[in-house]
Amino acid sequence: MKLLTTGFAPFGGERINPAWEAVRRLPDRLGEAELIKAEMPTSFAGCAAALEEACRLWRPDGVLCVGQAGGRACVTVERVAINLAEASIPDNDGAKPVDQPLVPGGPAAYFATLPVKAMVRRVREAGIPCQISYTAGTYVCNCLMYRALHLAAEVYPGMRAGFIHVPYALRQAADKPGSTPSMSLEAITAALAAAIEAAALGQEDLGTGMGTTH
Amino acid sequence: MKLLTTGFAPFGGERINPAWEAVRRLPDRLGEAELIKAEMPTSFAGCAAALEEACRLWRPDGVLCVGQAGGRACVTVERVAINLAEASIPDNDGAKPVDQPLVPGGPAAYFATLPVKAMVRRVREAGIPCQISYTAGTYVCNCLMYRALHLAAEVYPGMRAGFIHVPYALRQAADKPGSTPSMSLEAITAALAAAIEAAALGQEDLGTGMGTTH
Amino acid sequence: MKLLTTGFAPFGGERINPAWEAVRRLPDRLGEAELIKAEMPTSFAGCAAALEEACRLWRPDGVLCVGQAGGRACVTVERVAINLAEASIPDNDGAKPVDQPLVPGGPAAYFATLPVKAMVRRVREAGIPCQISYTAGTYVCNCLMYRALHLAAEVYPGMRAGFIHVPYALRQAADKPGSTPSMSLEAITAALAAAIEAAALGQEDLGTGMGTTH
Amino acid sequence: MKLLTTGFAPFGGERINPAWEAVRRLPDRLGEAELIKAEMPTSFAGCAAALEEACRLWRPDGVLCVGQAGGRACVTVERVAINLAEASIPDNDGAKPVDQPLVPGGPAAYFATLPVKAMVRRVREAGIPCQISYTAGTYVCNCLMYRALHLAAEVYPGMRAGFIHVPYALRQAADKPGSTPSMSLEAITAALAAAIEAAALGQEDLGTGMGTTH
């Protein structure tokens, strides 16, 4: 399986983005997966364009996007992306959409087509705390997940897509005044590796059930 | 505006459900809204049937369903319902669906068609903590919200629908061993009243934007 | 029992202090307790002076001080006050002590001499969430609790003292951007009333155990 | 500086205790500190005896005890230990004291005599999230911290003592159903190393201020 794996550029005043830091530390092969890694701009418009370009260029079998969810205590595999842009801070291009559909006329939501539960199970077996999440928010992360699933639905049938949110890296939390959960980049990277192995294997919930309801 | 306002029966070992306790304390008229109140069974199948029956009987202009979100610290107005049933505990009829669509072949999600932001704003102006939420979970609450919006989409065009989650009542939290957020029934009832007034007035985000993307 | 009951003035940019708002709503008699109510300045130096003056004037049998603990989800009865002033924001007189003992040469801590567990139990029986707390912080609240217990130890043997922290009032939380726990002033007031009734009755842990270890 | 560094045995159904796991991974020398490592029984009576024995045997210049604080998101350096045993679960010897002083007639509390703020600062500089804490709880951790400071006060003048609480290890959190903060053993070990270096250097708040108020 050729898997496009993306992480975002830093945003919101942070100096790093643990998503990209972890993605770029991944090996080029993981079990059945051959990884193509790409850093995505933290921009509603920019990430959509970069994703389309990468898919055109690489024709991946799957897309796994990774983003930072500051404040979450564990790795979360997202189950659904919604057709809504609602930003509380400007993105890296200065855009701050409110009440906007990501794709006018597009479906209200897409469910992930990577095997979410198998991925969560594998990450936990690898000893890293991991949960399913039912909201990817309304910022650029949700945007990219929606875009990837929409691209699959419209242009690349058979291409699977999903999204993983990761906590702050230790250093980010160490530099904040109060107490906020975090995770070492080593652990985040190990979690992504485990999730990718499951994604590359997993037929779990594909072709049936939630994989077909959107 | 004739507004069907529902609250659930107690579940999960609780003796009361603050949602129904607050709904039944509401007056029969609130600003422009004439209220029809109904208790819903906390059951995936049962609540769908009860909702359909109530809509057939009363032909409301809008449906506002209310449910308990134990652990949340404030009132939350839900923005989206997803086509997924995933129960971690059995419902009151003993059903515990996993990975099931609520409506096979239905859209992946519906956005609320009541004016979510105006409702949140009005509740906060009334002095009660309130936020938008982007996940109604995957239990019976999300089920009923999805069902109401699906019913509007399929059978009753023009009928608006939405969902409000409320914290535990004080008494529920007082009876638990640890510390968990809660809210007095008086405050929950006042929050619902304020939200209903806004819903009855509000054209806010209807006919445009997110109201039409599902 | 003549009980001096105090609440603090607003601080940290808040317009009200739920502690004083609740104290001033209490009746003048509660079971065996006759209440004397006093608002305390939110000032390390000022609250100590005001407390001494009030004790000299009223010669109470007990002192129950009440303060705001923004962010806590339930009423907490404090068990211990420590001899340390460490402010992260200036008090209302502009003082911002760091690493200072409250009373140079004083004991490192005092345990509350009001019946903490009986108070917690009674508040919960009244239906209001309540817990024991083992830290009153290092700001003005802890200062006043320490001062009251020190005053009892040094000047008024037999005078009992304790401290209750209360959550934000609803309105305070409603005016903040994110989600933070809160409680209605009615519930806070009912909690204080229940705690005071227990304090006035209670011999619970006095004359033995922790009441004598400081 | 000869520093006795302790970690507890697993308790409460856990298979490991991250405190001892991290302590035993430390090198034998760290900057100015020569480490003597000892596992402590998670028992009110047992840890006191083991500590006394270790101090008699090794005559350390300082004692740094480390314990697990499940649920905390960062490393915390404790500032104060109180003379109270209050267990919500039995210790590993089956004891479940309630409302008991640790040392009848002992002071109500002791402040840490290791340089708490310098330790916190150094850990954060090393990139690991760390905060001061003002409560070590009322279980065996607080017991051992109190015992170490009491032993210094009564028997070994000049021996400094302190306590660090660490989060769950990743594996512990991965095996729990919900989301709870955690930290890799590598990061916990690095935090302890940084804190110990600061402790071995630091004169910070010794001989003045809080170091002398107990």
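Order of writing sets the chain letters: A, B, C and D. Residues in each chain are counted from 1.
Everything below uses one rule, namely that a contact is a pair of C-beta atoms (placed from the backbone, for glycine too) under 8 Å apart; a residue touches a chain by one contact, two chains touch by 3 or more.
Only a predicted model underlies this, so the values are computations on that prediction, with no experimental measurement involved.
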Reference chain A; chain at largest CA-centroid distance: C
Rounded Å distance between chain A and chain C, as computed from the means of their C-alpha atoms: 47
Chain B-chain C separation of Cα centroids, rounded to whole Å: 39
Distance between the centres, which are taken as Cα means, of chain B and chain A, whole angstrom: 29
Sites on chain D at which at least two other chains make contact: none
Chain contact topology (line, ring, star, complete or other): ring
Partner chain D, residues of chain A touching it in the complex: 72-74, 123-124, 126-131, 170-171, 173-176, 178-184, 186-187
Interface residues, chain D side, partner chain C - complex: 79-80, 82-84, 99-101, 104-111, 117, 134-135, 137-138, 205, 209-210, 213-214
